[in-house]
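My structure is below; once you've seen it, I'll send some questions.
To keep things simple, chains are lettered A, B and C as they appear, and every chain counts its residues starting from 1.
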Amino acid sequence: MIIYFTDIALSLMLILTAMVIAVQRNLLGAVMLSGIYSLLCASLFVCLDAVDVAFTEAAVGGGVATILFLGTLAQTDYEKKSRVGISWSGLFLVIICGSLLVYGLSDIPGFGLADNPVQTYLADVYLVQSQKDIAVPNLVTAVLASYRGYDTLGETTVIFTAGIAVLILLGRGKADSDTVESKES
Amino acid sequence: MNDPVYLIACCLLILGAVFVLIGLLGVFRMPDFFTRLHAASIIDSMGTLLIMLGLMLMSGINLITVKLFLILLFILITTPTAAHALAKSALHGKLKPKLGDDKS
Amino acid sequence: MVEFTILLILLSMLLALISAAIGETVYDKILAVNIFGTITVLFIAVYGFVTGRPDFLDIALVYALISFVTTIAVLKFFEYGDMGKSSTDREQDIDI
């Protein structure tokens, strides 16, 4: 009961955040709100048991994307030109895309059901075949490092990049920070 | 369910959540940015401390307690640093605190 | 009772969202995002106990660090980056 309520509340807050971002005129505020959007998204992913996706969302959406947006805004103007009226063609396109997405939802199987396509055939194959294919004793290792090897490589690249970013942020060179200080003063 | 430790843990959890709400109320009610920052620090100190203590009591002594303790430690170290950086940056950015004698 | 705590935390999430939406200066918005990060950490920690599987606490731990790094990075940008001074001046001009 409370779990369903949490899912619904988080989704509603997600929609609310998106609407607030859409009406923001100040782009800096929109960037900050998009950070909140990523955090909400990540919470929702945690609720849906997709912890690795949640982790990536928080690192990339909340961390890296915010900084990239700010870097872009430093190069340009960050006050949106106020425009009166609604762009009717844009509204039309958005409505078409939205109804297509809603229509596509009807094909999605129910959440977490035992007879979903994803659970019916692949797990057995992994259980039976992995010893013959790879001969790694641990099944999880076999799946992660061999069957989904490229996926894991991509994930470790993301984590590695995040580590480098943290080192760059925290370990500024002494001479570099001095020049910045003198420019500031 | 009627375990006294569980009851104490529940009280701590709800008290912590109430402190989070109080901090947010302060963010809404305070007149300028620096006082809002001050109100927000209640969330990071009291709210986090009480909720994490409640969860620690609820979990008993195991690996989860260690993780909760680490979260608490990190938050107690990082959020005052972030608040300090925020205040310093706001002061650099010509955002003056509202003083007692200017009644604007 | 843990469920009640989750409800209160969801309510505070909503309030933090509103304070980010109506924040006057850009620093208010950064503060709101910072608060939101802390509340998200609390939410994930408590939610594990609601579902009875408190195994995702590592994620909460990592979130605490990410939120800290983001705030520090954004603030370093504001203080030393190109838009350090001009941003707040223009910001105040707009808001007053």
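To be clear about the criterion, a residue touches a chain if its C-beta (ideal position, glycine included) is under 8 Å from a C-beta of that chain, and two chains touch if they have at least 3 such contacts.
Note that the coordinates shown come from a computational prediction; the quantities given were computed from them, not determined experimentally.
J.: Identify the chains adjacent to both chain A and chain C in the sense defined at the top.
T.: none
J.: Using only alpha carbons, which chain's centroid is the nearest to the whole structure's centroid?
T.: C
J.: What is the distance in Å between the mean C-alpha positions of chain A and chain C?
T.: 16
J.: CA centre of chain B versus CA centre of chain C: separation in Å?
T.: Measuring from centre to centre gives 12 Å for this pair.
J.: Per the centroid of Cα atoms for each chain, what is the distance between chain A and chain B, given in Å?
T.: Distance between chain centres, rounded to whole Å: 26 Å.
J.: Two or more other chains touching the same residue: where does that happen in chain B?
T.: Chain B, residues with two or more chain partners: not present.
J.: Would you please write down the residue numbers of chain C that are in contact with two or more other chains?
T.: Within chain C, residues 16, 30, 32, 67, 72, 79, 84, 87 contact more than one other chain.
J.: Quick check: in the complex, which residue numbers of chain C touch chain A?
T.: 3, 6-7, 10, 13-14, 16-17, 20-21, 23, 26, 29-30, 32-33, 36-37, 40, 43-44, 47, 50-51, 56, 59, 62-63, 66-67, 69-70, 72-74, 76-77, 79-84, 87, 90-91, 94
J.: Which bits of chain A are touching chain C when the two form their complex?
T.: On the chain A side, the touching residues are 2-3, 5-6, 9-10, 13, 16-17, 20, 26, 28-29, 32-33, 35-36, 39-40, 42-43, 46-47, 51, 54-55, 58-59, 62-63, 66-67, 70-71, 73-75, 78-79, 165-166, 169, 180, 183-184.
J.: What residues on chain C touch chain B, complex-wise?
T.: Residues 1-2, 4-5, 8-9, 11-12, 15-16, 19, 24-25, 27-28, 30-32, 34-35, 38-39, 41-42, 45-46, 49, 54, 57-58, 60-61, 64-65, 67-68, 71-72, 75, 78-79, 84-85, 87-89, 92 of chain C touch chain B in their complex.
J.: Any idea which chain B residues touch chain C in the complex?
T.: 10, 13-14, 16-18, 20-21, 23-25, 27-28, 33, 36-37, 40, 43-44, 47-48, 51-52, 54-55, 58-59, 64, 67-68, 70-71, 74-75, 78-79, 81-83, 85-86, 88-90, 92-95
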